[in-house]
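Presented sequentially are two complexes of chain A, the first with chain B as partner and the second with chain C.
Entry: the complex of A and B
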């Protein structure tokens, strides 16, 4: 099972969690759901297609689709490969989604909870990203 | 600016004792911030009556306040629904963030 979401009618920014570990991705998503609630489109993916640690561009593309919102999507990642694969997934998006998907430079768990909290209040994609990134120097 | 300067005008104020076992940590902070965001009024939170005041709609700032159990939380708000906002936030803290009996492991 991966990345279920309850879709809002395109109101709030969506959140995608990308980890090398399926368990980290799932656990982070559970924290977001329990702490923030259901108002935010949310999807997660983790692990390579063989079930090991890693990330896959295809899985990230699918997660972006599940969490898609016209307000945009903020992606939270863990290690380097998750970021580069997420950036590849963003580059592969159709033109109408260009500029509406960002990778946040924030810790994956705290960043996901913070970004989702901000998104749940109807904040813009830019505000969601900036709020998540406020955490980074700490 | 949300939570901006409301010190000059007429602010609605309220205070409440934080009894939640884990204090104002992650989950209560999220609930407080989410509730604050539902109001149009500028709302500030302080851990003393003299401030310093932080934007109650900023999840990062509210979490960073790290108010422990036993802190008196002070709210002040300005704007159309300031009365309701302060009343609702005080009530949320009084209700222990609706988490009575479920605090174990949270925080």
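Entry: the complex of A and C
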């Protein structure tokens, strides 16, 4: 296993899953773990600051921290507020990180699995994003 | 602008969002995801809880702090949108702005909100209220009347952005919740500025 290449898991692009629903976020992360294993840093968050449906910039910032990799982080989101809040969280990052985090325009479940699969092979952030976004309806 | 006035502004905005939370949520249930009133109330409750700290700062920093709190606490797309609006205003305004200063700052803030929401006027959003308010500030018209009329004018619009855009033609016939919350805030701010002048 370790002989195939020298990459540490932390050398792979990290994946963050942001859903309005804590259950969707958790379930999507479980699918990623089952299908891709432990090769990618992975974090998820869902729910507004009161724990209801919605998203929280504070929780997204914490998830980015947990999934941080020097190779970058790809964020998968569900509906509009998740995207806007994720973009806000990216802008609040320290300068050395901000350019290495992207929001993928892809369906959250399929996008997270395919992005993590790509990331587990050591693909660059750009490739991870492009592969996930190929799933989007034109 | 002194601390008393800044505090009065915060209290007026928070009260307005609390008083109208159910109405905003009902509007959002018609064409959105049904949480706008609760989200705005949660955000402004947090601002209200922190009002002494926020009001203790000069206007630019107070707006920045208010915007950051909204971003962190609202929990929907309106958090970053209203947060960006407040932060952009804070960046442009002096500690004691004139009406003309406010108009100029609002124009800059509108550009920031457009970028944040990837939206333009005419798409049935808060921008459809903010632009006429900026125009009213520039021409000497009543910004509150302009905001109310502009919110009303979103009723026949078809939504292009946000959750309401999924509904297509079915979004027609309902006032946009973000347009309504913007108009409510304009009224609350205007009244607080008058009564503490």
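Throughout what follows, the second predicted complex is superposed on the first by the 128 of 138 C-alpha atoms of A that agree within 3 Å, B and C clash if a C-alpha of one lies under 4 Å from a C-alpha of the other, contacts with A are read in each partner's own complex, and residues count from 1 in each chain.
The rule is simple: a residue touches a chain if its C-beta (ideal position, glycine included) is under 8 Å from a C-beta of that chain, and two chains touch if they have at least 3 such contacts.
These figures come from a predicted structure and were not determined experimentally.
In this superposed model built on chain A, chain B and chain C occupy separate space and fit side by side.
Judged by the touch definition given at the top, the superposed model places A:105 against neither chain B nor chain C.
Looking at the shared chain after the overlay, A:55 reaches chain C, while chain B stays out of its contact range. When the shared chain is aligned, chain B comes close enough to touch A:131, but chain C does not. Of the two partner chains, chain B is the only one touched by A:117; chain C is not.
Looking at the superposed arrangement, the partner reaching more residues of chain A, out of chain B and chain C, is C.
By the touch criterion defined above, A:21 reaches neither chain B nor chain C.
Superposition on the common chain A brings chain B within a closest Cα-Cα distance of 27 Å of chain C.
Those residues of chain A lying in contact with chain B across their complex are 35-37, 113-114, 117-118, 120-122, 131, 134-135.
The residues of chain A lying in touch with chain C in their complex are 20, 47-50, 52-58, 79-81, 83-85, 87-88.
By the touch criterion stated above, chain C contacts chain A in their complex at residues 33, 35, 38-39, 42, 71-81, 83-84, 116-117, 161-163.
Against chain A, in their complex, chain B makes its touches with residues 26-27, 30, 33-34, 37-38, 57-60, 63.
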